[in-house]
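Next up: the structures, one after another.
Shared between the two complexes below is chain A, which pairs with chain B and chain C, respectively.
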Partner chain A sequence: MIAFLIRRLLQSLLVMLVVALLGFTMFRYVGDPVAQMVGQDTPLEERDKLREELGLNDPVYLQFGRFIAATLRGEFGLSYSIGRPVNELLVERLPATLELSLIAALFSLVVGIPMGVYTGLYPQRWLSKVFLTVSLVGISLPTFFIGILLILLFGVTLGWLPTFGRGETVAIGGWTTGLLTASGLQSILMPAFTLGMFQLTFIMRLVRSEMLEVLRTDFIKFARARGLANRAVHFGHALKNTLVPVITITGLQVGSIVAFAIITETVFQWPGLGLLFLQAIQNVDIPIMSTYLIVVAFFFVMINLTVDLLYYVVDPRLRIHREVAGGH
Partner chain B sequence: MAAAARIRDSLDRFLDSDIWFSFKRSKVTVAAAIVSGAMILAALIAPWISPQNPFDPAALDLLDAFTPPVWYEDGNPRFLLGTDDQGRDMLSALLYGSRISIMVGLISVVLAMAIGISLGLIAGYVGGTIDAVIMRIADVQITFPAILVALLIDGVARGLLPNERHDELALAVIVTALGLSIWPQFARTVRGSTMVEKNKEYVQAARVIGLSRGLIMVRHVLPNVMGPVLVIATINLAIAVLGEATLSFLGVGVPPTEPSLGTLIRIGNDFLFSGEWWIVIFPGVTLATLILSVNLLGDWLRDALNPKLR
Partner chain C sequence: MRLKTLLLAGVLSVAMALPGQAKTLKFAFQGTVNSMDPYNLNETFTLGFLGNIYEGLIRRGPGLEIQPALAERWEVMEPTRWRFYLRKGVKFHDGRPFTADDVLFSADRVRADGSDLKTRIAQDTKVIKIDDHTVDFVTSAPNPIIHFEWASWYIMSKSWAEENNAVKPQQATGTEENFATRHANGTGPFMLVSRETGVKTTAKVNPDWWNNAAKEHNLTEVVFTPIPSDATRVAALLSGQVDMAYPIPVQDMKRIDGNGTTRMLVGPELRTIFLGMDQSRDELLYSNVKGKNPFKDKRVREAVYRAVDVDAIKKKVMRGLSTPSAMMIAPGINGSSPDFSRLEYDPQKAKALLAEAGYADGFEVSMDCPNDRYVNDEAICIAVVGMLAKVGIKVSLNAQPKAKYFQKILAPKLDTSFYLLGWTPGSFDSWNPLYNLHACYREDEGQGKFNLGGYCNPDVDALTAEILSETDAKKRGALMREVWGKTIEDIAYVPLHQQAVAWGVGSKVELKQRADNVFRWRHVKVQ
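Now for the complex of A and B:
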């Protein structure tokens, strides 16, 4: 167990190093940092002086070392297009994205798992067929188009919900939240639904196919033969055994929520990290791009680690297998 | 005569096969095949069937802008589905737009296949350090959503290319970004099948008669690992078309001068609040129909080629 943990940690560290190297390469070689900092008419000598001062003439490994040290301190430099420190911008934008992603993830789990269980238990009922058809359409409709349709229906035609922004926010310490005001809550409904929709269909289909598979196994037949109530068989035996793949995929899906948040935030002009990143791409704002890459990669690596660890908590077979294997 | 007989023979064999049987039996799949076939055909012959060339600024008249579809009172029979803000006929724009979307999707999948299959073959056949390096890269990349990778590549390309050439090179950039974002799936699958195939007797025989490694990989192993690749290619075609639409919608894809479906949706998105719903809804529905039918075909192909489900 500990050996496994250390190996996974080292792997994660290696991934982060590679990502940092990518971020550094972008930062250093895509565009000229000096050209971004000085005016058009700055003479060449002055530029060279600045280059020397910034250490851009030092050996590359030294520059990379400094880059990593700065990253670990949370210093990501100045944004080219906004002219403010990137870490400030990140801290400002983070709450919006986190709240949106969290609500979307909760929504997709709370609705997706029961729908999956139902369609798995009763594949022939008409409601299951409705769920499946809806999910197929949900997978094929592009996220941004779902958002547009919602805006058209609830924003423009019915006028019930706000179509852009977060609404009023309340600051608690350094954290701004929209979840405590009426307009904030109204504002989050459509973006969260849009963002959660794809994950929902994904989770539902996954739970369904896992349920169908588990229900066919011998230990379910045996549980029924023992005369257990349907509920005990379905939830105590079947659902429990679908959890390992569900946790894996859900964990990885949390990552894709981060990616899809870019799209949803653009549709609803949600002032989060994704919108910041997209504007950075349009303006070729390399510091923000490379920082986003590093932050998101860190997030992904942490998710993967957590998912791996959760296996051990959820599936006792893995623990025994590993211990036996380690004992040889 | 002999050639015709051979074609007849293989057609008969195909009509007799399991795959054709399972295709015929599934009505949804037949419908999906007809719809996607019709859409691809319409996109191919767009210059000959569309009422207007929407990419030619000289053919556009700003006075025609915002004409609603023909069933509205102030519609114009010249513009069946109405016009956009530039007076572009929506139907023509849709035909030309799907042409670009499908083309970008196909080329990026071919690019991803070329990279993924060659790296997968090498990794699987040669093994050792090369295998480890290639597969670790694939592993790391696959943990990131493809759309995020494509966005990053797109962004870096924008930084590297001079500003004035962005629009000109936009298609090349987007194809590269999409291709590079989906190759790991091909590499993984091909590597897996290659590792199974390379221990079979026909490969040993080829080795014994002294064929070179490259020749064995391309002529003997490759044809035998293509089955699963076909399934992934179909599913990834849908993903690539969706990816292109997403990038274009986000404003970092195909430029508005020669719009793809995604670019059309981006343009239409600006007129959501002024009631011109047709500018955004028609491209959206076209895109969704295309993706849905390709997805359905991919699903069917996966089940049909998977002997476990028979």
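Now for the complex of A and C:
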């Protein structure tokens, strides 16, 4: 177990390093940060001086080395365009993104799993067909389009929900939350729905196909032969056995929810990390871009690690298997 | 009886509460203000925003006319010495009095390392304190437009900056945040309340503003939200969540105007969009013509000019929202004249000119174009490509985001043969575009820094230098006319049009639109 953990951690570290290298070198070619930092009247020698001071004239590997060293010290530098420490900016924006991702993930699980179970159990009912058709729409429409449609309908035409922003927020320590105010709750509905829609259909279809498969297996037949109640068969035995792939996928999806929140955040002007990142790209703000990438990679790695550990909890077979594998 | 009295009292209290009611203006813009430091970035929106909180010695009115602000009046003692008499009794937001020391301090700070507004005052200009409310500016050469750009040179408090360690602007390489990045202490009609970078900025009215007796606005609070996504910004305005939003994309204008609760406010902007051609290299970087540069031949430049149909661009690409221009400056810029007219659209003549220049079969060239900088910039370029194809010039288009685009075409790289660019003179005066766009490119002096095509005419340089120091307005006007005539005759550039300033405004809001796209809250009334 411990050997496995250490191995996974080392792997994660390698992944982080590669991501950092890729991101860093890629961002060197986004454009000229200096051109964005100064106005049109700034003379050339001023620009050159700035470029020199920022170390932009040094070779890429030198800049990368500096970057890694600073990252290890936990210093992400000052944003070029905003002039504030990047750490501070990220910490300010993190709650918004996490809250949105969490609500979206919860929504997709709480709605997606029952829908999947239902369509798996009763594939022929008309409600199942409605679910499947709607989910097809959910999968095929791009996120930003769903978002804009929602804004038009509920924000502009009906006027029920706010079209942008987070509403009023309450600060609890360093954490700001919009979940405690009426306007905050209203504001999160549409973005969370938009962001969770794709995951919802994904989970629903996954649960459905797994359910269909499991229901055909022998042990379900035996369970029925034993005279167990439908509820016990469906939820106690069938659903439980579908959960391993669902956990894997959901885990990975939570990572991508955080990462893909960029689009939803842009459409709804949700003040999270994604929006900050997008603004940073427009301004060629390298410190923010590279730090964001590292943070998101870190999320992914941590989530994967957690998912691996969760397997042990859910599936006893894996425990034995892994221990044997680790003993080689 | 008792009920009646109660009701009456209730009605009365409501009625009495009304005049003092909170009036909040909520508005959205596509970009954000990155720093509250007024010397950090020389950019229209940033400086325009901060101009509601900070003030300069002068200010610009709704029609861009120069008005006294922190200086009550000024006079030219001799051509190189200007005396400014400062307004008395003005206080900064935190209560410090405004004096000549603050002006001297601001003049140093704006020219210090890290400032992006160094061009506001020449490095060799001396700023001399005569008494607490009189300041002299002594220049090395006469400068009749010394104060033209000072409407966006804001005065900061010396003691405030010293106490908070913000004596110099934010350094690019600094590791510590400058206090002025998130705090503001100006003299203007509004005071900064709270600020979440890139999310929301709130300001409230300054009860002690020097001009409150003559104020136009009725606001108590202003909330600014940056919304980069066009669709979201438009939806926010349509749903009434913001009272004002800009810019509005041309395709959404009808929806906003036909809505009943919102309306469009459209006017010509001061920015001129134009095409530039490499006229300095002996061989174009991106062309199939080898050994010579077709754009060096004036006939070829004229052919390009005549092949481009600006009216079609206006109608099809800009949906009527552009003003075709014969000059490189907009009407309203000092030196602009209605006497110049565009060369007529004439593809036949263009072909003939090309044949005469030896390009009967046309030639190939590549064009650089931004796709997120000006209104419909890429669409304009695509239209130009099609129009030039008709006369035989085969253009391959390279449209990129501004971050990449500017890196490629601007000095020192000047890596372009043919490009589209826009220009607004910050001083609203002809000298700025003449010096930056038309004077021969000299890297060391900064002259012609944006003359990316390398147009060079020594007569134009000489006249431009004369314009800089000529103090007689009449003579200066004649000189400007002469030099503009020369550059137009040379076809230094192909001017296209001035794009429109497009603001979407809620029906409850009255405001004044400025042609430089600056939004001044002091002209806003909310019902």
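Throughout what follows, the second predicted complex is superposed on the first by the 270 of 328 C-alpha atoms of A that agree within 3 Å, B and C clash if a C-alpha of one lies under 4 Å from a C-alpha of the other, contacts with A are read in each partner's own complex, and residues count from 1 in each chain.
Just so we're on the same page, a residue touches a chain if its C-beta (ideal position, glycine included) is under 8 Å from a C-beta of that chain, and two chains touch if they have at least 3 such contacts.
These figures come from a predicted structure and were not determined experimentally.
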Partner chain in contact with A:159 - chain B first, chain C second, else both or neither: second
Contacts of A:92 with chain B and chain C, given as first, second, both or neither: second
Which superposed partner A:300 touches (first chain B, second chain C, both, neither): first
Contacts of A:137 with chain B and chain C, given as first, second, both or neither: first
Chain B versus chain C as contact partner of A:262, first or second or both or neither: first
Partner chain(s) touched by A:199 [first = chain B, second = chain C, both, neither]: neither
Which of chain B and chain C A:12 touches, first, second, both or neither: neither
Which of chain B and chain C A:108 touches, first, second, both or neither: neither
Which superposed partner A:284 touches (first chain B, second chain C, both, neither): both
Intersection of the chain A residues that touch chain B with those that touch chain C: 30-31, 148, 151-152, 155-156, 163, 266-267, 278, 282, 284
Residues of chain C defined as touching chain A within the complex: 32, 34-35, 37, 40-43, 116-119, 170-178, 181-182, 196-200, 225, 227-229, 231-232, 235-236, 238-241, 372, 401-404, 406-407, 410-412, 426, 436, 443, 446, 449-450
Interface residues, chain B side, partner chain A - complex: 140, 143-145, 147-148, 151-152, 154-156, 158-160, 238, 242, 245-246, 249-252, 265, 269, 272-273, 275, 277, 280-281, 284, 287-288, 291-292, 295-296
Chain A to chain B touching residues, read off their complex: 15, 18, 26, 30-31, 136-137, 139-145, 148-149, 151-152, 155-156, 163, 252, 255-256, 258-260, 262-263, 266-267, 277-278, 280-282, 284, 286, 289, 293, 296-297, 300, 304
Residues on chain A engaged by chain C in the complex (per definition of touch): 30-32, 35-44, 46, 50, 53-54, 75, 77-78, 80-85, 89, 92, 148, 151-152, 155-156, 159, 162-165, 266-269, 271, 275-276, 278-279, 282-284
